[in-house]
Amino acid sequence: MKTTQILFTDVSSQTWIEEQLLNAESHPEFSQQADWSIQKRQLHGGSSEGVDLIEVNNGRLKLTVLPTRGMGIWNGMLEDLPLGWNSPVKSPVNPAFVNLSERGGLGWLSGFNELICRCGLISNGPPGTDADGNPLESELTLHGRIANTPAHYVAVELDPADGGWLRITGRMSEGMLFGSQLQLESTLETQLGSASFTIRDRVTNVGASEAELELLYHINVGAPFLEAGAQFAIPFEEMAPRDPRAAEGVTDYQTYLGPTPDYAEQAYYFQPVADELGVTPALLSDSRGKLGFLVEFKKAGLPCFTLWKNTQPEAAGYVTGLEPGINFPNFRATEREQGRLKGLKPGERYETEFKVSILNNSDSVDAIRQKITKLTQQSPSVIHESPHPRFS
Amino acid sequence: MKTTQILFTDVSSQTWIEEQLLNAESHPEFSQQADWSIQKRQLHGGSSEGVDLIEVNNGRLKLTVLPTRGMGIWNGMLEDLPLGWNSPVKSPVNPAFVNLSERGGLGWLSGFNELICRCGLISNGPPGTDADGNPLESELTLHGRIANTPAHYVAVELDPADGGWLRITGRMSEGMLFGSQLQLESTLETQLGSASFTIRDRVTNVGASEAELELLYHINVGAPFLEAGAQFAIPFEEMAPRDPRAAEGVTDYQTYLGPTPDYAEQAYYFQPVADELGVTPALLSDSRGKLGFLVEFKKAGLPCFTLWKNTQPEAAGYVTGLEPGINFPNFRATEREQGRLKGLKPGERYETEFKVSILNNSDSVDAIRQKITKLTQQSPSVIHESPHPRFS
Amino acid sequence: MKTTQILFTDVSSQTWIEEQLLNAESHPEFSQQADWSIQKRQLHGGSSEGVDLIEVNNGRLKLTVLPTRGMGIWNGMLEDLPLGWNSPVKSPVNPAFVNLSERGGLGWLSGFNELICRCGLISNGPPGTDADGNPLESELTLHGRIANTPAHYVAVELDPADGGWLRITGRMSEGMLFGSQLQLESTLETQLGSASFTIRDRVTNVGASEAELELLYHINVGAPFLEAGAQFAIPFEEMAPRDPRAAEGVTDYQTYLGPTPDYAEQAYYFQPVADELGVTPALLSDSRGKLGFLVEFKKAGLPCFTLWKNTQPEAAGYVTGLEPGINFPNFRATEREQGRLKGLKPGERYETEFKVSILNNSDSVDAIRQKITKLTQQSPSVIHESPHPRFS
């Protein structure tokens, strides 16, 4: 049996499908399993007007992909377990309504509510003026443009191998005359009936000059994984708090508070350790160790990891971020000094890959914990108690 | 008989109706009166592309409501009498085309053409940097965001009581992670066959921290109410001109010029006086006293009133603003110092209400004038001839 | 036989046609020639979401007009000869996704990919603060707003005279309360079967005060007209390089390089000479003199001409601009000092006109070259070797 391709969007050929439902009825040849579906819609009204949305359901796990927001993943559901968080921004925001430059360069926050949101491509981290790169790209805004760049190409693949795989591929372009010219092709893949999905991204410098690349995955999780007493674990060589505020909590970095009035965010920077396959596991587990949100990322492409703790009250946005990246979300000039910017030559590609798995029983949570413990025992696991020059 | 509810927009349930006509044919049970209607459309082309528009006709009075522009009222018509003004901006502008930050923070003007336009919610007044509130909200732009915030929820209510009421309710959210989180629910209500309508707004702090609120209603009227010799009247305790330019005209504040080349705007700040029901009448009447545009506002929620005189030539925008508000449209830092910002605790609500009535005969104009005169005689009616520290 | 009018867009009457095909089948009375067409579409997906597009085909020459981008011409095709260039921006960008203020005022570049793109109306040239005009218009961004202003009126005319003419007219407004109020009506006209088209623009000051006007046509051509050894020619009185970088190449201004890594743009300013009809020819011809891209502009309305050489590698944007204008694209304050701003009184109109012809054989290229040579011989043809005070 062969793979079926369905094109949803291709601006270059003036292709765009407003609504479509793919399922066992429309594609009986794909799988005997009856309860998968892929549904393309468009949102209307409010700041969501015109947002393209794709609901992917592998029969067990549902994910909502947002082509209009750079192929971000708005939220998900494993059976009755919600994946994501309650942002004050309640629905997907069309980038046409987002002004990245406003609020002192923090306008990005006005559209931020995703489970998975990319930060890049020319920069991520705080806003400011970085005069050392391309002059057209010196006025940086929080976390760059890619999460607010609509995909100009979106295609679905139904691959019957191994019981059936669903794949969604999107392409976004960042570039203009006199600017750097980066293209991101992102593929999300999930196997029918599984509790996990994988994202493979490929950034290509399609321009004529070397271009700088930053990329970080803001993977944001709230309740029920996050709660008072929830735990975080990752094997690492070194870790440092981002700033004095984070330093206050460095000894408790593995444990979470419940929703806490007036809590100020804390961020920790990790140099991860990988297993023999080059993969680093990062685990958020609930207080009883019965639920786990696991991110496994290929360290070769994602050598940095940031833990973002933001246990504000629910109404303000109770959330933690597990954030593998090419770089740490410091100001780009810092990352350049530290050698963490990726310089891409014309035609050069850069690849990243990570897998998210939802663990819904103690056995699977324990197994990953033990793996992390083992990797940790083999690692230096140096913890700097205050911000460290190598990380900032 | 019971009230009928029709949902036009609800992003949270992916509901949106592109076009719909409600009238005596579709809802014969609502009213025996044949000539009412509510028509939902969407505009296309130019800077109006994608603007949702609702035409409300109570059989006598027509109003055009703009969900895409924060439930503003674009214009109206009482029989053959136009309500509104001729802005240089000729049609409703989709906020996607408005950059509030541009032009030194005056970008708001590029979408300004409404009969009723809200200014708020975190601020109104001139642009600038106000470092004393939420850091994410220190770069203020003219008159805030609410007029450029699309409603994420819009519903219509047909209430057969008392011969029939039409109600349109919209909800807008202002907020994001780390920002204040305000929700505005606005209801416009008009009785079948009447020459008036009422707006009831309710702002709720849905966030976890106290939030500052400013809100002012920019009610803008041109010809035929406004003309050379037109009159303004309001009962007040104290009034002061906004600035030296306004001070030039303080003795003539009640009288309007015709369209005047090179006229520079004048604004007057009033501390209103209310009647025994807590309502303040503000009246614009034409030169012969045969037409009146009456705004009656509940002073408890709207303790400030601003009169904006802008009798420029027709081609530039001949208009006056009757502007009840929580505050005066000074820079927010000033209003904070003066104690006129409303601080809303988490979960707290703030309500405002005003009624607009079109008077189309001398008797009704005279009756209101006499009421205002009587209230004025019972009031201090202090006029400051120059800007006064209590108002600026 | 009479002219047929088809209205595509008129916001004021709530008229808009999403898709329409006009051709010999739909309008057999217009022409016996079978292969003309005018096709209205709307793009979807990516940053092209919502862009209106009109494909005009006179049976030989195809042009793609963009109402959403100020009636710019995206690209064209003469038989199998492409007209335009390969911008890093691959498809038409909805202005809703363009922030002109970002990137230090260079945000305009994020939507720049047209064959013909207007720069104006209140300004063109580099960004900056020009405090001497209207205060609302002192923060200037690169090349102004008109290329990112959607047309609020679009109509097609089928005129059977002389074998048949196709005309597309669009209207854009630039203006707001307290700003200058300019309206541009643009008509593109092409005769069935011809290899040329004419653009006639009329700017009207519809406001009540005098307004300043700048307007320049960024006519952008790449391969196959542009190549190593391609030639440029124009008859002129005086020419000066824009800056020291352009001065480096002043003796070679007529000749083009092939795609050149790290090439930095060069611009030359010409005071053109016109023929006895008041028309100046400007010609780009390929290296063998077999292909020509000819711009003939009425000097009375377009007294300035700028040559933009940008022979970067293909992937970066290999392109030259032939740019007739009211002014040179210097900062507006400079152009005001030099007396090149056009001041329009209330109600006053300003008209421009130019014709583009594609020459696809040596004879037609030679004929134009000879004409230019003759005009040149009758002209002073002064070349300043470095930037000259009269031009900057």
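Every chain is named by a letter (A, B and C) in the order it is written, and numbering of its residues begins at 1.
One rule holds in what follows: a contact is a pair of C-beta atoms (placed from the backbone, for glycine too) under 8 Å apart; a residue touches a chain by one contact, two chains touch by 3 or more.
Computed from a predicted model, the values in this text were never measured in an experiment.
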{"item": "Classification of the chain A:chain B interface as same or different, half of numbers criterion", "value": "different"}
{"item": "Superposition of chain B upon chain C: rotation angle, C-alpha, nearest 5 degrees", "value": "120"}
{"item": "Length of the line joining the C-alpha centres of chain A and chain B, rounded to whole Å", "value": "42"}
{"item": "Multi-partner residues of chain B (each touching 2 or more other chains)", "value": "50, 96, 99, 101"}
{"item": "Residues on chain A engaged by chain C in the complex (per definition of touch)", "value": "9-12, 14-16, 18, 50, 52, 67-68, 95-96, 99-101, 136-139, 141, 149-154, 173, 175-179, 181, 206-209, 346"}
{"item": "Chain B residues touching chain C - in the complex, by the definition given at the top", "value": "41, 43-50, 87-91, 94, 96-97, 99, 101-104, 106, 109-110, 112, 261-262, 310, 312-317"}
